[in-house]
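The structure that follows is given in the form of structure tokens.
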Amino acid sequence: MLELVNVSTYYGRIQALKGVSLRVDDGEIVALIGANGAGKTTLLNTICGMLPARAGDVTFAGQRITHLPPERIVRLGISHVPERRQVFGELSVLDNMILGAYHRFGKESKAAIDGDIETVFEIFPILKERRKQAAGTLSGGQQQMLAVGRGLMSRPKLLLLDEPSLGLAPLVSKEIMRVVAELRSRGTTVLLIEQNARAALRIADRGYLIETGKIVLEGTAHDLAADPKVQSAYLGQGYHHS
Amino acid sequence: TATPTPTPTTAPKPPAPAAATPAKPAATAPAATTPAKSAATPAASKPAASKEPYKIGGLFAITGPASSLGIPERNTVQLLEEQINQQGGINGTPVKMVIADTESDETKAVLAAKKLIDEDKVLAIVGPSQSGESLAIADTIEKAEIPLVSAAASIKIVDPVKKWIFKTPQSDSLIVQALVDYLKAKGYTKIGWLSVSNAFGDSGKVEFEKAAPGAGLTTVAKESFGANDTDVTAQLTRVKAANPDAIVVWAIPPAAAIVSKNVAQLGIKQPVFQSHGIGNKQFIDLAGTAANGVRFPVGKLLVADSLSGSDAQKKVLQEYAKGYTAKFDANTLSTFGGHAWDGFWIVAKALEKSGPDRAKLRDAIESNTKEFVGITGVFSFSPTEHNGLDKRAVTMVEIKDGKWVNAE
Amino acid sequence: MRHQNRIILSALFVVIGVLPFVFTSSYHISVMIFIGIHAMLAIGLCLLMGYAGQVSLGHAAFFGLGAYASGILTASYHVDPWLAMGLAAIFTGLVAFIIGKPLFRLKGNNLAMGTLGFGIIVYIMLVEMTDLTGGPSGLRGVPSLSIFGFTFDKDIKYFYLVWALALLFLILSLNIVNSRVGRALRSIHGSEIAAEMLGVDTNKYKIQILIVSAVYASVAGSLYAHYVTFLSPPPFGFKLSIEVLVMVVIGGLSSVYGAIFGAAATTLLSETLRGTVPKLLSGAGGEYEIVVFGVILMVVMIFMPTGLTSGTLNLVRRWRQEKALRVETREAEDGNAVTGVPRVPEGRTAIEDN
Amino acid sequence: MAVSTTDMDRETEAGSALLDARSLRKDFGGIVAVDSFSFSVRPGQIVAIIGPNGAGKTTVFNLVTGVHPLTAGEIHFGGQRIDALKPYQIAEKGISRTFQNLQIFGNMTVVENVMVGRHSRSKVGILSGALSLPSSRSEEKRIYYAAMEMLDMVGLVSRAKQPASALPFGSQRLLELARALANEPKLLLLDEPAAGLASQETRNLERLIYRIRDGGVSILLVEHDMELVMGIADWVFVLDYGKLIAAGTPRDIQANEKVIAAYLGDETD
Amino acid sequence: MPADIAFERIYVELYQQVLQYLMTGVTVGSIYAIIALGFVVIYNVTGIINFAQGEFVMLGAMIMVSLYKNQVPMVAAFVIAVLLTTIIGAALERLAIRPAKGASIVTLIIITIGASITIRGLGLITWGPNTSSLPAFSGDAPLVIGTASIVPQTLWVLVTTAILLIALYLFFERTLLGKAMRACAINMSAARLMGISPSVMAMVSFALSASLGAVGGVVMAPTTLATYDMGTMLALKGFVAAIIGGMSSTPGAVAGGLLVGVLESMGAGLISSGYKDAIAFVVLFLVLFVRPNGIFGGRDTSKGGL
């Protein structure tokens, strides 16, 4: 479904991605793990067109999207839940969600969209409670929920998630992972960045390890979780409450 | 009317506008405005272009808020430049006008004046359009020792007299006095005053305050408004409440027209007097029917056609109007252009005497301009008088059915 | 002061010192005098806007207060011009102090509008307080400056006076910018809340820098008054506030040097157009000049959005980078070769350069 | 409000507390974000506040640091009342914080960010700065070296000269920490410092927090990473809907039914 | 008692005057309101304060006037004037704003200042310095309301303001497109991630705002008259009105416009006409100090979720 071949991306003259090749198949959850500064966010931004690749190719569903602007790419069915939430602070929670479905209006019935709003509200009940509140006055975690909810509203074929559980309480964080897993059963493909690598690899089919802009390891989620390098740096001892 | 004898300095050669004597009307018209005649003279048939031209600076507010002054002034001097050169220039030397825009800005005016003086090396400057600009460059002019003939009204420009600075428009005191005399003659004593809050309106107010008591007039209301205001009903309501015999407005269009429109809107019955600032077609266009009945003191240009045949200025005025409207939008024909006309000819005429030397030129302007018949009036300069106009330069005009007529 | 600054400054000193010998006409010298006066305004506004991030659309008011305070004290009360200049600066600084507190309760656009309102109120006072200011007809008789019998009557003398002060202000500003206070100002620009949380009394610094820029503007105003020797309200209106803003942005918001270049560029541009436009478009008058001015302003901003100074530097840098990049990409990919990140604002702390 | 007995014990010791917050309340329009919440931090302690999203943790930080005025309650720090002070005054008293939604100065370099953190520990004013007096220059140098030291602590020295906006998210978090430390605080408030850090990095952070504590700084921590919280906190307060629902040692809290239901969930690994 | 009678007379006169001041204020205020709406539209979408807003008004008025002078029927002239101005607005975005991609807001604002200078200069070249007038749509006979009188054109201005207000309010608050446009100003990159194209939206906003300005220019021309530099002062007042209203709120813009108009007129009438503008600003300061975000200003969302 998504394929990156030898993609290189720069900030000015700094090269942040160095010939990254990566593949996400239809219906998969692929986890992308790496240290901070490895280039994970850069990679997602390259795919969604915010930060076009200077070399290499990105193809989605057989179409080359390397140099398309993000607003076009969204319409092809890729939705991106960006780092740092980026909610529309002055708009209400509900308006934020509606804008998530922006490209669906006119193509789909209003009922379908309203239905999805309800679904998101079920996942994050607090958003329903606060649907009239300005998104900028939500707590950090609530904003994160909104960002994820807004991303879901676009009903993408491919969902790019940049640390969706950032700042979320353990319970909610678990809920998000459950939802992501459930998306797969609905046929949505997911590319997931998650610092909680343990949780990510638990639901993922495959995974990539990225270090300083290069893919250094790839394999099934199981293989990755078993890799000593991954274990020491990304899985930790694990927290078990007594 | 006083009829001075022709000054001995009257140039026999055609290109210069001769010093005027009403007794010899033919000679009063600047020959430049009648190319056919002068083309016949031998001097004119010489190709003037071969010589290094006499450069005269034209410093006008072509853009910015005062552009309705600056543009007719610029147009006028360009017209005159063309005419004078067609006739062989001054003593066979062509004239070149170097035009500079002050953007209605005093700082820019200083720089533009310096550029004309130092870079373009003009012999004299005509302009600037506004009083503030003229005062702002005064110091520069005096230091640089170059003659300037300002096209701005304020009396302060030439009072106290500055060696190098002259001006052509009637000073506000002259205009105001004409109005005050008229008001007194008509028996209006309680006056409601409105003026625009810029140098023009302020100067009118100051002069009016000076002249009014002498004529037994009292100001029962005094209001001001901005040059760009789009509504003056609030001020008029106050004036109305003071119940004056007559209302005097000191402003230029468009604000002046808005006042008249608002007077109509509020149903104010008192007679309205305005200033020479409304002396162009624009006011009538803008105020529409509200313009009717407005009376104002102004130079004679507007009523040139209805002047008596013996009036010294009649012919000059008519020919200027004809020449200008043939080339430019008739709506921009105004007394402002006339100020530049006067400035241009005062300089050109003196140049003919003095030759290209700033100091000599200045002396010539001062001593040579005697009973010179211009658009604004009849000028006589002297070491103590650098404006040199008298009562003859002002007349009272009334707007009737959208036309200017002599006020009764 | 840092090494690099010293070099640039020395160069600037030399260039400015020599200029009057290259351009000797009194016109050119007055253009440079006005550039100097505008530069003082622009430097002040640059501190306020470029560093502290506080927009002002009323800077002309401080200029006007300085000019009129000097003008009134000297013309009407015959105070010594130098003393008057000092008193004017104190007065203007005081005004800035008084309005600063309520004004800085406003943020962003509202602050812009607050300063705009202040500018308009001052303007109206200049127009209406006729007894004091001469009203719309203006104030005449402002004397020229002189010191120990040495009169600044010739333009060239005035040129050196103006530029000596302008460079003094430049140096003071560079020092401020490179000090703890400058850093505090920029932190206010970056995140007011975080700055406050790190112990930066944001309000105090905003007011302080407003006072500094007001004093600069006041001195510029006094110099204007004693140069032109006639004052009337129009030069101190909204239009000038906007012009100063344009100078600062054209120069590059975050560079004090830029303010000088901005002042020079804008003033020179409009002066050059006066000469060249009529030559290029025959018979074109003032109307065409301002159109060309407007178009050039837009074009510069479109192609050099960070201003002329850094814009030019960036163009050069980009060109060099492009070359370097081509080489680099071919070279081995050696991990984190992180050097020379683009868009590092220049003129910033880097003590190691010492 | 049911306060656990252990909490009562602490209450009696409040006199010796570094930070002592009494019955804090904050209303936002109709929302009561914090509701009669009392807590204290003793010198040398690492205290954590946890709770569901929107429980009011960040708001507590905002109250302590003076971002928002209190609706009701009192805050004492080192025996002095600070709830009427301006944020910068509170910072001068020795309280520093980091932000959950990062507030770095993107227009400045990394090291300059940290140098701002040194603001209240230095004193050059606008005049001596403008004149570039020797005292100002030497102080500037001291600030610089102190800032570099802080950067060294969080491992960002190599990026000191880069614009702070070019740092990746995780590094910006560490930058905020370094900046807060530059103030030489007595009390450091950390709002989700581990968010966005990988496991290894979190362990480094943990070590760093210990080091800071050992340097004599008390720490108030808000964090959703339970591995971290339960590992380092001496004491934990749990908020839900702005109210305190539990307080105690990590061990107590992990076993607390209410906390499990509201926040932790059943950990079935 | 004569004193009583005198007092009563003053009282009645004052009342009559105040009524007139109010009418005047509403008339002028609704003109400011239309201009303020234009500011709000562009600000809401791009975050730019468009200094060329006054020039849109001027273009509408001047094109209308010159068409009318050339015997084009009123209605056709109106449509052409608005269309042409709209195209110019869109072109401005396309040629000057869009190419400056990535520039800071201040830079973009300076570009609009450049545009304003350019358009005004072109206006001077095209139409000359003179002021022109347009006949009132329904005559000049003043309407007397109580003791105050207004010209019928005022009603046209009022009705236009009301229609524009309602239409824009519904557009920004109720329609998806309106929300999408606002989203662009709040967070451009996030908007792009939603599939919204900020450059298209910006162009639409410039076009929309230009057409608003043009409509305003046409309906106000009979009362305010039209000249190449009419935009400057009007834009300044419109800007103030927009800020008072909170800059991003359409009802706020209209309320702000009316407030400025009424305060000015009251100030000129009751206190002093010389200090008219100053009075308006002083009172406006007071408004801002009580409500730093303007009357209808958005909630301050900057401190949420720190």
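Chains here go by letter, A, B, C, D and E, matching the order in which they are written, and residues are numbered from 1 within each.
Basically, contacts are C-beta pairs under 8 Å (C-beta built on N, C-alpha and C of every residue); 3 or more make two chains touch, one makes a residue touch a chain.
All values reported here derive from a predicted model rather than from experimental measurement.
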*Would you mind checking the shortest number of contact hops between subunit B and subunit E?*
1
_Taking each chain's centre as the mean of its C-alpha atoms, which one ends up farthest from the centre of subunit E?_
D
_If you average the CA coordinates per chain, which chain's centre is most distant from that of subunit A?_
B
_Chain centre separation in whole Å, for subunit D relative to subunit C (CA means)_ = 41
*Please compute the C-alpha centroid of subunit C, do the same for subunit E, then give the distance between them in whole Å.*
31
*Distance from subunit D to subunit B - Cα centre to Cα centre, in angstrom*: 75
*Between subunit A and subunit C, tell me the centre distance in angstrom, where each centre is the average of that chain's C-alpha atoms.*
47
*Two or more other chains in contact with one residue: find those residues in subunit C.*
127-128, 193, 287, 290, 338, 341, 343
*So which bits of subunit A are touching at least two other chains?*
11, 14, 137-140, 142-143
_Residue list for subunit E, restricted to those that touch at least two other chains_ = 121, 124, 274, 277, 302-303, 305-306
*Could you please specify the touching residues of subunit C with respect to subunit B in the complex?*
25-28, 30-31, 34, 127-128, 130, 135-138, 140, 153, 224, 228-230, 232, 234-235, 239, 270-271, 274-275, 278, 285-287, 289-290
*Over in the complex, which subunit C residues touch subunit E? Could you list them?*
49, 55, 102, 105-107, 109-110, 112-114, 116-117, 120-121, 124-125, 127-128, 193, 238, 242, 245-246, 249-250, 253, 287-288, 290-291, 293-298, 301-302, 305-306
*Flag every residue of subunit E that touches subunit C in the complex, lowest number first.*
49, 51, 96, 99-100, 102-104, 106-108, 110-111, 113-122, 124-125, 236, 239-240, 243, 247, 274-275, 277-278, 281-282, 284-285, 288-289, 292-294, 302-303, 306
*subunit D contact footprint on subunit C (complex, rising order)*: 1, 172-173, 175-176, 178-184, 186-187, 189-191, 193-202, 205, 208-209, 212, 254, 338, 341, 343-345, 348-351
*Residue ranges of subunit A touching subunit E (in the complex, touch as defined)*: 48, 50, 69-71, 74-75, 79-80, 82, 86-91, 95, 98-100, 102-103, 105, 134-140, 142-143, 150, 154
